[in-house]
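Following are the structures in question.
The same chain A turns up in both complexes below, where it pairs with chain B and then with chain C.
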Partner chain A sequence: MEEFFTYAPAIALLPLAAFVVALVFGDAMPKKGAIAGIFATAGSLGLSLLMLAAVASGEVHHETYYEWAVGDTAGHTAAEGIAFTFGILIDPLSALMLVIVSLIALLVHVFSLGYMNAEGEKGLPRYYAELGLFTFSMLAFVFADNLLMAFMFFELVGLCSYLLIGFWFRTKSAPSAAKKAFLVTRFGDYFFLVGVVAIGATFGTLAFAGDGSFVAEAEAALDGGETLFGFDAETWITITGLLVLGGVIGKSAQFPLHTWLPDAMEGPTTVSALIHAATMVAAGVYLVARMFGYYALSPSALAIIAFVGGFTALFAATMAVVKDDIKQVLAYSTISQYGYMMLGLGVGGYVAGVFHLMNHAFFKALLFLGAGAVIILMHHEQDMWKMGGLKNKAPVTYYTFLAGALALAGIIPFSGFWSKDEILYDAIILGLESNVFLAAYAMGLLAVFFTGFYTFRMVFLTFHGEPRSDAAEDPHGIGWSVKAPLVVLGVLSLVAGVANLAPVGKLLDLDIMFLEGWLDGEYGGLEELTYGFYGDMLPYETALIGGSEETTLLVAAALSLGLAFSGAGLAWKLYNVPEPTEHTQRLGGARDVLRSNYYQDEVQVWLAEGVTLPVARAADRFDQTVIDGVVNGVSSVSLFGSSWLKRIQTGLVTNYAALLVAGFIGLLLVLGVYGGWFL
Partner chain B sequence: MFPIELSEWAALAPVYILVLSAMVLFVFDSINPRTTNRAFLAGTTTAGSLAALAVAVWFLLAGVGTPQADGGFGAISLFDGQLVVDQLALFFIVVVTVVTSLVSIASYDYMKGHTYQAEYYTLTLLAATGMATMAASNSLVTIFIALELASLPSYALVSILKDNRGSIEGGLKYFLIGALSSAIFVYGISLVYGATGFMQLDAIAENLDADYGPLLGLGILMLIGGFAFKTASVPFHFWAPEAYEGAPAPIAAFLSSASKAAGFVIAFRVFTTAFPLEPTASVIGVDWTVAFIILAIVTMTIGNFAAATQTNVKRMLAYSSVGHAGYALIGLAGLGAGANDVVMGAALMHLFVYGFMNTGAFLFVGLAEHWGVGRTFEDYNGLSAKAPIACVAMTVFMFSLAGIPPFGGFFSKYFLFTASIDAGLLFVAAALVINSALSLYYYSRLVKALWIEEPVLERESLSQPVGLYAAIVFAAVMTVVVLPGFGPVADAAVDAAAAVVA
Partner chain C sequence: MIGIEHYIVLSMALFCIGLFGVLTRRNALMFLMSVELMLNAANINLVAFAFYHGNITGQIFALFTIALAAAEVAIGLGIILVLYRNFRDVDVTVPSQMRW
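Our next item is the complex of A and B:
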């Protein structure tokens, strides 16, 4: 099946072609470029599935396609020069991600027929062109075989989200949200870029895999006890790893760079689905998984990842509780869910993190597309307090949305339960040994309660009770292009958990942990990129409750399930009534804090206006006075010297003769003394 | 090829052609003393210098002076080595004749209505003869004679505007400083002769005698004085601002381009042939490059700084010409550090490009004088509205003189810069950069005046004299096209330099 890999570049190039086609011919085409996008992403999906099959048959594809620059300068440890290349790496992780991304992209394209075309939006060729470029960037990022290429497409992904978030650029809020997303993620990417340079300069290579990968070089340096840039190897690996993590935190909307994501709701809902489920936000977590071997070398970096993840999971979940806009709730839930993935990766749960990434892609795409369907139903109303009672009027939307909600809340047997449970299990067995991980686990666990609550608050307010507005009384119809993607994703949300039923497998001693086997290279893969290999690198010690794996599993599962049910139950009690009322008043002072998102935006604005602006002003003043002063001083000195020199030319020829002879004698003295003529 | 069939004396054909043209004008003038037949006078001069140019270029291409090992005819030595025709000589004959033709074409319009027309062109041709002979001189005697042959007509030419006080005053100052410098120069010759017993340059090199070290050193220094006068280098530059300002603009162009180039060619030849660096240093106890390093830095600095705040355009160009002499001196200052041919080749290239851009700039001033717009920067305000083509050409000259990339001046200056760095002369390189930066200030001031400033007074439409325009536009085109054509010029320059530095 190796020959399939010949088509690997086409996975990304098809959407790129769709981008060009939609941009150039979009206006002339039926559906304004949607068809091109659908065919391209369907092609990508087909090819990705072929890749998946090829990898399953034991093949791995790692090839350099283009070398665009070669540097002579060797890295700190490597002897040879550094090469900058474009290459493709298709291993179990990237093959899986390719399928996810191309599937979601395809469904989003189909859904857009109903959401954008049917609503008579303007600028559709631009929309589909940008979607195509977005998909292309993400797919190329996913199969990148080196860090620099990953960085370039990471940036392109950021650019595309900027374009799409600001799609309705004539409104006031969309361009502002787009700029915010661009700037905040760029702030993180700045660290990423420094990290890329640092890694390249240290190890002389940026390759993810292969004998000379930077991960292998780092491990060798660590084993050899080398000193890198004045630090011992582990400290330096931690520093560079954290620099790269800056980009991850920005893109995956982790605290404190999460503030752009809720605003990004200004884009079309389809775009939100793509951004949240499969592209922009997923890119960050995927990058951590891609270079997990590197992070595995640094326990400190992993602990930071885990703690940030746990904190973000809880932090974002609390904010979601008080939101009234259906998309806002989903936005905060995204931040929270990516926190779980980071927690999972941070505690060494590589499989758990990737598992949740996959499940989340399905159920979050589902929820967003569902929200999109609700928005169509509601004639573009997004306030949940004006909805209600849609359950009977739009059963397909309701049941699929419910499936997504159950997965998000982590209710057994929906997919979200299995992956979240696995993350929490991986966290608790470390937490019993270490306080940092225990704190991260506790925050993650507590967030389960909030997740259950806000998810079902959203479901009940939207679909249950009595209609609370005219639009809810008489909803707009929805077509097959909206329903089909919902059904596909609804089914996936229900059954995707089957991929890795870890607790069941362990309790019943069955070999049904397919994803773990997949990522462990049982079906094929590069040895140094497998779960088992990473596991051996991790220096963690684990403990079990009562010394028994079964007990620990059951306790962890019972705790998270119990909290999810109680959260959902509280929502049931408060909001599943015919005429629900706001209960946020009961929160007292906490309500304002939560509604204001912990004043995060205010803090960031203050940072910009209170700190950066004065510093910039000071720099400007320095430039105006000192630098300009020096430059102006030089020119005044020159002009003064000039007017002084002019005066030598007196106009009297006798003076000239005297100066001429004096100059000649001066030269004679210099040379004579130098040459010893007068001795 | 054809030249092999000519006798050796034919190698000096360009010089003969110049002399012959001068004689034709003499005869014409004696038959018809008060002639104002400008077409014939300027035409003969132009034809003569173009013919000399054509022959010199033909010789260069045919391989006269190219070492026999490279398939050429080798350097042709005449009159027992008193004169020599090699690539260096031909290269500079080309520069001199190019400038002479440009100047004579431009003079057709400029000299309209002036007296002493025939004398003007005859003297120009004789001075050009002297300069061409300087390029070929290989003995201190012939050098001195050629130098005087170039100088004496120049004095007369500067003061040829008899009813103009500035012209007379400039000419007299030029003559007085010239006399002093010639005295120093001829004294230097006698000292060198006393120390070595020879006048012929190769013979001097073989007879450097350690017993007379200081005497020889003083002699060499006095020779440097003579060259410094001819090239308008500090401290022998005092004549230049006043002579250039007072002289008719084409003559200022002629002196600042051709005469300067001729001064450099004898300096290059004397110091590379007669005083090879290491043997001379062991005799006089010091590298003579030190003198040129000092002169180069001081000359470029004083020239550029004095130019910076001038209000009179011609005077600014005069000082800028002093500054450019400093740049070309790097060709001598950088010798002895390895790539001699590259260093001197860079100076040769600079003089070649300078021959076009500086001549063109002075001719533009001549055009402005022809229009009668005035002499200061302010008087030039807004000229572009009336004479856009000439102003584009002037802008090209200014930016090329400053060393801005697309033009020839950038490349020659860049080669000088890299050559001085390769030679380890970091101070010289730094001075070159600083002075170039400063020079951009005053060159762009003129460009600003031409294009951006509003004219002080309303002007009538300006005439378009054909000769001046043709010369200016041709010089501008050459300043630009030496860029694609720089390969052959650079090769010729480096070959010419290699012929003498070996």
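Our next item is the complex of A and C:
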């Protein structure tokens, strides 16, 4: 199977080719570039599946393709100069992610035929070209074998999301949302860049895997008790890890850099599906998983990841409760779900985090494409209060959307339940040992209730009850290109949980935890990138309720399932009526706070206008007065002095001779006084 | 017996006369003559010390200086001629444009 790896670069290069083709020939092609994109992503999917098969047969691909600079100065711990390379690393994690990304990208391309082409949009070649570039960047990011390459494609992903969010650049809101997304994620990426430089300077390598990976170097430095840049090794690893985490928080929309994501809904819904499920937002969490070995060396960094994740999960879920726009609800649910993944990774649940990343990719792509279908049905109306009663008029959309909603809410047996339950299980067993993590667990658990509530509020308002507008009475038809991706994703949302039925496996003592085995390198993988290896590095101890794994499993599952059902049940009671009302006035003052997203935007604007601007003004004033004053003062003193001094140049040779003589006499006098001639 | 000091006094006197001329006169020709006086004061010094030390080098330097002085006079007279052509005058205080 090893020969398959020859084609590994093509996985990313095919969408790049589609980008070029759509950009250059898009206007002349029958579907304005969609065909190129569909073929390219289908090719990528096929090749990714081949990679998956090759990895399953026990092969791993790690090769440097291009070396564009080799330094001659040694790093802080490494003896050799740092090398900047482009390389491909295909191990179980990246092979899995390649399949997810290329699958979602393919389905989004197909869906776009119905969503963009059929609706007669302008600028389609540009749209498909940007989709191709987006897919290319994400795929290259996924199989990057070093941190610098990852950073470069991370930035490209950000650029593409900027372009696509601002696709309707003639409106007022889309360019502003695009700029916001770009700037907010750039703020996080700034820390990421500093982190990349710090890691490179410290360990003299940026490779994720291999003997000389920075993870291995960091572990060696930690074992050797070395001092790095004046800190002990663990502190320095924490600092650099947190710097990289800055980029993750920006991209994966974690608190406090989540504000760009709801605004990103200004882009086409297909783009939202791609951004939220597979490309942009997933990149952050994937990066944490990719360098999990590094974070495993630093308990403080992991704890911060866990708490940021847990807090974001709850925080975003509460905001989703009061939204009226179907896409806004989904946007906040995305933030919340990525919070779960961060929580899972932060409490050491590497498998759980990756599992949720996979399941979320399927059900969130499904929900967004479903929302896209609803928007087509509703003649481009997004307000849920104007929908209702679509259940019987669009059964395919309804049932697939319902599958995605059940997965999102974490209702057994849909995929979301299994992964969310695993994350919460990993959190509770850690929390029972070190109680501070119980707070993170509690936040994650509480968010389950809100998730159940807002998900079914959305479902009931959209599909149940009586139609509340003319558009809902007479929905627009949808074609096969819309239905097919929905069905594929709907099936995946239902069955993807089979990949890792951890509770069932543990209770019945069955060996059915395929994903855990997969990530543990049972089928093949690099030893230092396996779950078991990370598990040995993790500084965590766990405990169980009553010392019994079964009890703990059942209690954790019952709690999360109970809360999910009660949330969904509350939504059912409040909103599954023919003429639902808002009920938000019951929240009192909390309603305004939630509707304004906890005034996060206002806080950030205030930070910019109330803090940064005055500081910048003061700095500007200091620059204008003190610095410029000194410079201008020096110049005006010399100008004035020389305008006075130039008068001795009279143009009369006699005066010069007199000056010469006077100078000579003066010199003689000075020499005489100091030489003691007059004594 | 005439000692070295007599020659030095003579050369100093000659030099000071030349310097006085340069500092006080305005006529370019007088300038040139004063410069010649100062040059010759130096020549006297050179010859006197050469004789005093019994070393011929100083006398050879003096010969060189005389040759250079001849050249200098030629150039100097040329400059004075040009000066006269341009300003109808040989007063050195008239052409004072060569400054800021």
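By our rule, the second predicted complex is superposed on the first by the 640 of 679 C-alpha atoms of A that agree within 3 Å, B and C clash if a C-alpha of one lies under 4 Å from a C-alpha of the other, contacts with A are read in each partner's own complex, and residues count from 1 in each chain.
FYI, a contact is a pair of C-beta atoms (placed from the backbone, for glycine too) under 8 Å apart; a residue touches a chain by one contact, two chains touch by 3 or more.
Keep in mind it's a predicted model, so treat the numbers as computed, not measured.
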Message: Counting residues of chain A touched by each partner, does chain B or chain C come out ahead?
response: B
- request: Go through the superposed model and pick first if A:Y674 touches only chain B, second if only chain C, both, or neither.
  value: first
Message: Going by the contact rule set out at the top, does A:A658 touch chain B (first), chain C (second), both, or neither?
response: second
Message: After the superposition on A, what does A:T6 contact: first (chain B), second (chain C), both or neither?
response: neither
Message: Quick one: is A:T581 in contact with chain B, with chain C, with both, or with neither? Answer first, second, both or neither.
response: neither
Message: Going by the contact rule set out at the top, does A:S173 touch chain B (first), chain C (second), both, or neither?
response: neither
Task: Determine, under the contact definition given at the top, whether A:S596 touches first (chain B), second (chain C), both, or neither.
output: neither
- prompt: In the superposed arrangement, does A:S638 touch chain B (first), chain C (second), both or neither?
  reply: first
Message: Considering only the contact definition stated at the top, list the common interface residues of chain A for chain B and chain C.
response: 646, 649, 651, 653, 657, 661
Field: Touching residues on chain B, where the partner in the complex is chain A
entry: 172-173, 176-177, 180-181, 184, 213-214, 217-218, 221, 224-225, 234-236, 238-239, 241-242, 284-286, 290-291, 294-295, 302, 305-310, 438, 441
Task: Would you mind writing out the residues of chain A in touch with chain C in their complex?
output: 646, 649-654, 657-658, 661
Task: Could you pull out which chain C residues touch chain A in their complex?
output: 19, 22-24, 26, 31, 92-93, 95-100
- prompt: Where on chain A does chain B make contact in their complex?
  reply: 635, 638-639, 641-643, 645-646, 648-649, 651, 653, 656-657, 659-664, 666-668, 670-672, 674-678
